[in-house]
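Sharing a structure with you now.
For reference, chains read A, B, C and D in written order, and residue numbers begin at 1 within each chain.
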Amino acid sequence: MKQISAAILKSVIQPRPQESHKGTFGRVLVVAGSATYGGAGIMSASAALLTGAGLTTLASDPVNRTALHSQHPEIMFIDWHDDSLLRTTLVTSDVVVIGPGLGVDDFAWQLLQRVLPQLSEQQVVIIDGSALTLLAEHHEIPDTKAQMILTPHQEEWHRLSQLAIPSQSITANQQVLQKWPAKTILVLKQHRTEIYQQTDVYQNTTGVAAMATGGMGDTLTGIIAGMIAQFKKPLPATLAAVYLHSLAGQELARQQYLVLPSQLIAMLPHLMWQYQDRSN
Amino acid sequence: MKQISAAILKSVIQPRPQESHKGTFGRVLVVAGSATYGGAGIMSASAALLTGAGLTTLASDPVNRTALHSQHPEIMFIDWHDDSLLRTTLVTSDVVVIGPGLGVDDFAWQLLQRVLPQLSEQQVVIIDGSALTLLAEHHEIPDTKAQMILTPHQEEWHRLSQLAIPSQSITANQQVLQKWPAKTILVLKQHRTEIYQQTDVYQNTTGVAAMATGGMGDTLTGIIAGMIAQFKKPLPATLAAVYLHSLAGQELARQQYLVLPSQLIAMLPHLMWQYQDRSN
Amino acid sequence: MKQISAAILKSVIQPRPQESHKGTFGRVLVVAGSATYGGAGIMSASAALLTGAGLTTLASDPVNRTALHSQHPEIMFIDWHDDSLLRTTLVTSDVVVIGPGLGVDDFAWQLLQRVLPQLSEQQVVIIDGSALTLLAEHHEIPDTKAQMILTPHQEEWHRLSQLAIPSQSITANQQVLQKWPAKTILVLKQHRTEIYQQTDVYQNTTGVAAMATGGMGDTLTGIIAGMIAQFKKPLPATLAAVYLHSLAGQELARQQYLVLPSQLIAMLPHLMWQYQDRSN
Amino acid sequence: MKQISAAILKSVIQPRPQESHKGTFGRVLVVAGSATYGGAGIMSASAALLTGAGLTTLASDPVNRTALHSQHPEIMFIDWHDDSLLRTTLVTSDVVVIGPGLGVDDFAWQLLQRVLPQLSEQQVVIIDGSALTLLAEHHEIPDTKAQMILTPHQEEWHRLSQLAIPSQSITANQQVLQKWPAKTILVLKQHRTEIYQQTDVYQNTTGVAAMATGGMGDTLTGIIAGMIAQFKKPLPATLAAVYLHSLAGQELARQQYLVLPSQLIAMLPHLMWQYQDRSN
């Protein structure tokens, strides 16, 4: 098991090419946020935006449009009942997040089944929260060509892997992951988050208890999406995202008893500037 | 009568355990905010969030959803007409706030009657504002198994206790409180707020007139809820909440003629960090 | 003509009494903001809140509720079509603002006719913007017992007084004002705003062109309301409000080419602290 | 080809005349923002406001009203389906922006056809985004008397000019522009944005890749509008707007890996103060 350190940020966060435009930095689509859990979608999409994705879109229940635009007019909004618009946006996205605050009702399940099969091999999909619960309930490995990144916390992984929390050893987790397509990445969230891909296992070394509040997981999905949208290679980008997320929380916790996702998200542009590769 | 001092913060606000997750820090449900007084619910839930509750939900009139999520996407939102969702959330909450901006119409009374009997002995319920007025009107001590915390200002206590303000002596207040279940805590809000439980009486020693503005009481309910959600023991947690609330106002009043609840709420994470137990 | 100076702030802004509560600092009701000009109501009510009114309510078109609460949950909201709730709130208000962004359609005129006659001698009403235009169109001096404060800019005063701008001399303005009830205050907004009451005339000495932007007048109405709610005496409170408004703009303009009402409003609590009476 | 430098700011941004009012600084109407791309309209109108336009109005899909007013109550809002109100506002505007996030459906095309012919020779219209795509689709040079400013990025200019990106040489661009009315200004957005009018060509010298994110173009339209509203002469005002936009981004990028339009907009009042003409 390898430890992730600040070196991953320097290796992943490259200076932006001068000759570039918003398309250069990728398109992220976040499918998330029911009427009750609308904030989850907002936090995930906001995190993708503030990590530097070129274009970010939130597909969500229409009750969430105004709260999104009140905070970030930069993010586009799709009513997730609009099949045709959703399909068009899916096809042109580089990275798709599905799951935060999705809920587990019939509509959510249908949406998941509609989104995943439409994705291509060139795309990456981050599956989180309710979407993982739905997959566990239906005992399904999703039918998708996109590279999958799973981001369960330990209880969600329990449901998906059938491994009770005490049984979630590295070996056991690796065995379960073998049933999934080869490139699938597992981000197993916990005090020291572990990241798995095939035989590789990484462990995060940052993170503080001040971050233990609702919405932190949703935020992480957006940071992963934003990182991959810009820097492409999914494994290092995911490792960098996990590290950056915890680092931001840790910085804030130096003077706060608790840390909110919104505060952490606001820190990202400065933190990425601070930790980027400066060798050139 | 004991004076509350900054020592209560140090004694209550313990360093967070490293091995923890959002569930460790408790679940708060705020049932508050009609169409007219929607801000009351938002301020109460925001205060619980910024005090560090692990998961915070606001059950309110649906017109209040977007304003909540525009400020704090971290807070979940329930339409309070949705009986089934409200019931599920009630059952899994550690602390329930009911009353801020609830209004005193028939619906409010029915909601109060629906919520209180569903609570168990393991739960704490903070009853505030309109909910106290409703109880006074119906001459009822609520039918609930949860430990109650009442947070009237002097006029609301007049209605509830039948004690006119000049008659609200410590002894008289204690006598009225004896009719309530033994563990009930009374937070009697005034220039120097008094806190009662059985034979114990405490008096706050902080607070400034700059804080005398609408919404300060709603904010206090959320801080109490957030404190109990994390630190469990209701009496010390309530004392700490009352002190922290006034301390935050006092800090802001060092350079402001008046202090807004929203400003006070924003200060909480830093102030808790500053006043936490540092002995370990 | 007397010049207003910073001395007016020191004389009006007294330290808050320790034994006080939100009621001590007065109730303001702002009736303002159609669907198109909703921001005007929000800015007026926000200014009253940040000036320190104990309780502030906005009665407006319901489309404006969420934008208000997204910024200031401290302010209560009434749908201005709700006659009964509006009436109850009117009766208990110390100061009423009517006019900012009201529009000039039939509904606006009816609302104005409904509000003004309901007010009592103990109340103050600030009549602004569209409300002044409506009065001019109907050639009416309002039927109200409340003390009136009129806040026209020069073109609105033209419509109301029939005095073309070049004819708006001190003497001519005083003559027109004599037709109004004796205690009526005229705040004639211009580069150096003039304030009239009976034979008294005051001129503001602060203010900068950086403040010439939509919403500044709406903001002034809220500051006047907040000042009177707290400090009662309408004439000195109005003078202090006019001075404070310009002073805040001037402070911001030291480092900004232009100044927004929202920025000015945010400065008020600190500025009032700085300029309050410190003699005790 | 002339290089634009900071000198353009000093030459355009003149100290505001003391004897002035909001009308002095011009009226901007932004027609922009469908239900999906509502943020584009908000960013464009916000930029006009923060650049110092005296009065700014957004005509947009009604779903965007609340998000606008949650951020900037200073901006007026028109439902763009309200023909009569739109017409009245068009006539009294000094500068009109049309296009950001307009979409390309039938309604958008009809709106464009309704707006452009109503404008007079005294007005300036900035045509951006979807509006340019619609004109390209319909192979039309718009029927309008207003001075036009076109703000395509290179792909939009490809559609409009039939010049593929590698063929967009200065000479080729000038030739295409000759088919447009003589005073038309072309702002061709790219790494080093070029500005054309008749035989004049200017090139921007600032701008950083940190600005390559959705909404930056919408923001530029608002800055151009705000500049022309205040300083009138369209060509220098446009040059100053392009320079100011990039300068703001560059300043932020000194400590941020990426820059959001909202952050850039917030900097404008201070930056304009810093770079204004101080010779008097």
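In this text, a contact is a pair of C-beta atoms (placed from the backbone, for glycine too) under 8 Å apart; a residue touches a chain by one contact, two chains touch by 3 or more.
All figures in this text were calculated on a predicted structure; none of them were measured in a lab.
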Exercise. Answer with same or different: of all residue numbers used at the interface between subunit A and subunit B, are over half used by both copies?
Key: different
Quiz item: For subunit C superposed on subunit D via Cα atoms, how large is the rotation, as a multiple of 5°?
Solution: 90
Self-check item: Per Cα centroids, the chain farthest from subunit A
Solution: C
Practice problem: State, to the nearest whole Å, the distance from the C-alpha centre of subunit B to the C-alpha centre of subunit C. | Solution: 35
Quiz item: In whole angstrom, how far does the Cα centroid of subunit A sit from the Cα centroid of subunit C?
Solution: 49
Quiz item: Which subunit B residues reach two or more other chains?
Solution: 66, 70
Self-check item: Touching residues on subunit A, where the partner in the complex is subunit D
Solution: 13, 16-22, 24-25, 49-56, 65-66, 68-70, 72-79, 85, 269-270, 272-273, 276
Quiz item: Okay, in this complex, where on subunit A does subunit B touch?
Solution: 35-40, 42-43, 46, 63-64, 66-67, 70-71, 153, 190-191, 208-210, 212-216, 253, 255-262
